[in-house]
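Submitted below is the structure of interest, expressed as structure tokens.
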Amino acid sequence: MLSLAEIAHRTQGHVVGDEQICISGVGSLANAKTGDLTHLSNQRYRAQLHTTKATAVLLTEENVAECPIPSVVVSNPQLAFAEIANDFDKRERIPVGIDPTARIDSSAQIGDGVRIGPNVRVSADCVIADGVELCTNVCVGAQSAIGRETSIRENVVIYHDVQIGARCTVHANTAIGVDGFGITVDETGTLQEIPQVGRVLIGDDVLLGASVTIDRGAIDDTVIHDNVKLDDQVHIGHNCVLGAHTIMCGCAGLAGSVTLGEYCVLGGSVGVAGEGPVSIAGGVEIGAMTLVTRDITEPGRYSGATLHTDNRTWRRNMLRLNELDTIVKRLRRVERILEKQTSNDVNSSSAK
Amino acid sequence: MLSLAEIAHRTQGHVVGDEQICISGVGSLANAKTGDLTHLSNQRYRAQLHTTKATAVLLTEENVAECPIPSVVVSNPQLAFAEIANDFDKRERIPVGIDPTARIDSSAQIGDGVRIGPNVRVSADCVIADGVELCTNVCVGAQSAIGRETSIRENVVIYHDVQIGARCTVHANTAIGVDGFGITVDETGTLQEIPQVGRVLIGDDVLLGASVTIDRGAIDDTVIHDNVKLDDQVHIGHNCVLGAHTIMCGCAGLAGSVTLGEYCVLGGSVGVAGEGPVSIAGGVEIGAMTLVTRDITEPGRYSGATLHTDNRTWRRNMLRLNELDTIVKRLRRVERILEKQTSNDVNSSSAK
Amino acid sequence: MLSLAEIAHRTQGHVVGDEQICISGVGSLANAKTGDLTHLSNQRYRAQLHTTKATAVLLTEENVAECPIPSVVVSNPQLAFAEIANDFDKRERIPVGIDPTARIDSSAQIGDGVRIGPNVRVSADCVIADGVELCTNVCVGAQSAIGRETSIRENVVIYHDVQIGARCTVHANTAIGVDGFGITVDETGTLQEIPQVGRVLIGDDVLLGASVTIDRGAIDDTVIHDNVKLDDQVHIGHNCVLGAHTIMCGCAGLAGSVTLGEYCVLGGSVGVAGEGPVSIAGGVEIGAMTLVTRDITEPGRYSGATLHTDNRTWRRNMLRLNELDTIVKRLRRVERILEKQTSNDVNSSSAK
């Protein structure tokens, strides 16, 4: 139970209405129950202020006048809501201590207050900092290090020689430090794998979703800077470098040697893969399902995906697309004929 | 060993040929061995009736006359084959009981006839119904519930507060209830994760493939209705709602807050991701690798992917595509010139 | 420590410079440290020969003259580097033996020199050949077989009746032998799963990345021939057949019943999915994010993805794309008018 006064205090806001009112949960404007705190962060949902069953709402000054229920006025309602919702997050944590079924190599350094769950394996020369949580079945390879308060969820596999910073979260079934996909052909035409001896270096406050794959560098390292956020099923090839505060949405993937600047946002299923290394400037946003094959040097929004349409229209247009160059040539021919006519006309006019 | 009489009985069909013939396995028309039952469900393979080594075939009335081997005539040979093939499915099951290495919280309710394998972890307040199978290394988070006869394959991670219905199958390495990808920016430009406190609710008879990721709701719940079938590597963002009997093929993905109606079919690698919530009507089929960014309100078939072609043609056409708007403007200019000529002609004609 | 003489011997090369010089590590041209061996395999990086801190470099005859540091001259520097880099690969191996927490069915045949880690499960009638490595938490289903010296990384799930050849590597969280996605509709409109009773057969020297999913055959088998290399997050549907020496890059996926010839290269996120089975000839290369819906019968390079551009240009052109067929009709109308004019001109000329 939190009073509105307390909520205002924690979110640097002020209460409009009775400060002593208490909330016991959180909910969306549409589905909140009595006792819930909700928030209005998008004017699209503004009309719902009048129908919500929530007991109180976080909002900005802009919407106070029209709000029929008690409110806490803040500068960023979404951020304030995030702060308060944490109190109602029912996620379980592994208890502090080391589960007896965990297998910790004697050479590993284990910090204070760690939470190490059943069947966890920590290999030789690892460094597990204070407050780290390793959930059930997590495997940490030799010489790897995990920073303070980082939480690694169930069944995550961290290969050897991987560094992860502080306060990161890694979701279930993610693999970090996988051998990069380096293949060459020998004189008999047989594909040979090139040993991948680089590392993975991950900064602080990084989020990795579930079933993410991050390859280790071929020779140099794969690097993910501070505060990067990767959604589920993202793939990072070997020797990629991701600038700080960069976001990749679900199923996006980078081939090897891609560099992303700071504050990039890659939409869902975006792919970056060129003939050689590809470099994308900071502040670039890329629309869902776009393929990027060449450098982007200027910040801004970029896209490449086609728009859906009904199947008949689509089929007709796509067949045309495969003759587009010919179509343009036909257009040019038409233009030339007309140019000639015009110049003839002009000539004949001037001849008169 | 099954007699054709028995097969006909179980599939509501009738035998053409000797009812006492027995089959000892199943096979495709092309590769069946003597003793196998096969089926003809697609007229494309009809000629193979004459070359198959199968001992008997499930088919419809339509193909009886031309069939040189004993047959069982049914209304839906594929469905009938599915029914019989079950008998020859060699998949192992975890034995009934709880493996001594499984870790079951004392507050969890465990039904009768459950099959709980090695190293399984079931957390506080879980409800595991009768006949549930939890294979090796499965983790079930606190307050989650799994319905009767549902089978969860190896290394699946179910987070807290997830409800799964009866008779579902969840394949290996899938994660359910992962934190949704909710990110906001604070006043310092740092990305902050918004706590994801909604649940995941999954109906009865749902199939989830391997390496599927299903995010929990941000505040409200992510909902998957009865009889939904998701292929491997599908991704479901937070607060999605999938209508009953809907299919998503391999690698398809939904961003947050996507609603799919009933009986939709999304092809492989389809993506649905808009600026805001996207809603797709029931009965919509979407072609492979299509991106959907806006609502689809009418049932029907939709596509958006481009067609492949040889690299030279492709490069030429794609460069043209990026000047298509200019091309249309050139066309319009040409049309205007011609219109003017025509009206001049008309004028000069009428002037005569 | 390796002398250049030794390196030259192992790579069938010859030393230019002091044969007694020793190297103690490997590095890229750009980031090598003193003591490292590097390689020049791409003329793009040629200028770095003059700035590298490496102690020696693998290169071809072509670059010897300009190289200021000791070198080993070989025919394929990348391949030679791969050979030597293996010595500096710090990856840990599970020790020889069977971990006491591993669960091996008494009917399984276990070869000599196997390395079986913690919590591994090997089911009935499996055959684990000499020198196989099964890392922590690996599950192997009944009747499956794994060939000599194959290494299966952490948390991989191998279903029943899967055959894997010799010297393969399977990375973390991959699932092999998952039920194919075979769905049919019964008379009530309910989706029914068709039992998947085929197997998965994988040849020798195959590489599977992390979070790969390989479905078992519906009736016949899914087959992956020798020396195939699959990157992370690749998906293989039921009854696919992959020819020897074929490569699929990250996130590429095949629907059911796709056949790839030998020496194909599928770029990242390529999808192959047709109405029926799709067959792709040997020697076909497909550009990233291309969708292939029909057979490709000739070797060569194919693509289909659109190119990215800035958002405004993109939106304008994509809207035009959805009216392309109409545009072509307008062009044809223009052409007809001009043809008529020309033939009129000709007529009137000839009439004169």
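We just call them A, B and C in the order they show up, numbering each chain from 1.
Note that in this section a residue touches a chain if its C-beta (ideal position, glycine included) is under 8 Å from a C-beta of that chain, and two chains touch if they have at least 3 such contacts.
On a predicted model such as this, the values are computed, not experimentally measured, just so you know.
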{"item": "Interface composition of copies chain A and chain C: same or different, split at half", "value": "different"}
{"item": "Superposing rotation of chain B relative to chain C, computed on C-alpha atoms, to nearest 5°", "value": "120"}
{"item": "Distance from chain C to chain A - Cα centre to Cα centre, in angstrom", "value": "24"}
{"item": "Chain B: positions in contact with at least two other chains", "value": "101, 119, 137, 155, 173, 211, 233, 251, 269, 289, 305-307, 309, 321, 324, 327, 331, 334, 338"}
{"item": "Touching residues (chain side chain C, partner chain B) in the complex", "value": "101, 103, 119, 121, 123-124, 137, 139, 141-143, 155, 157, 159-161, 173-175, 178-179, 181-184, 186-187, 189-197, 211, 213, 215, 218-220, 233, 235, 237, 251, 253, 255, 269, 271, 273, 276, 286-287, 289-293, 296, 300-307, 309, 313, 316-317, 320-321, 324, 327, 330-331, 334, 337-338"}
{"item": "Chain C contact footprint on chain B (complex, rising order)", "value": "26-28, 30-31, 38, 44, 75-76, 78-79, 81-82, 85-86, 88-92, 101, 117-119, 135-137, 153-155, 169, 171-173, 205, 207, 209-211, 227, 229, 231-233, 245, 247, 249-251, 263, 267-269, 288-289, 305-311, 314-315, 318-319, 321-325, 327-328, 331, 334-335, 338, 342"}
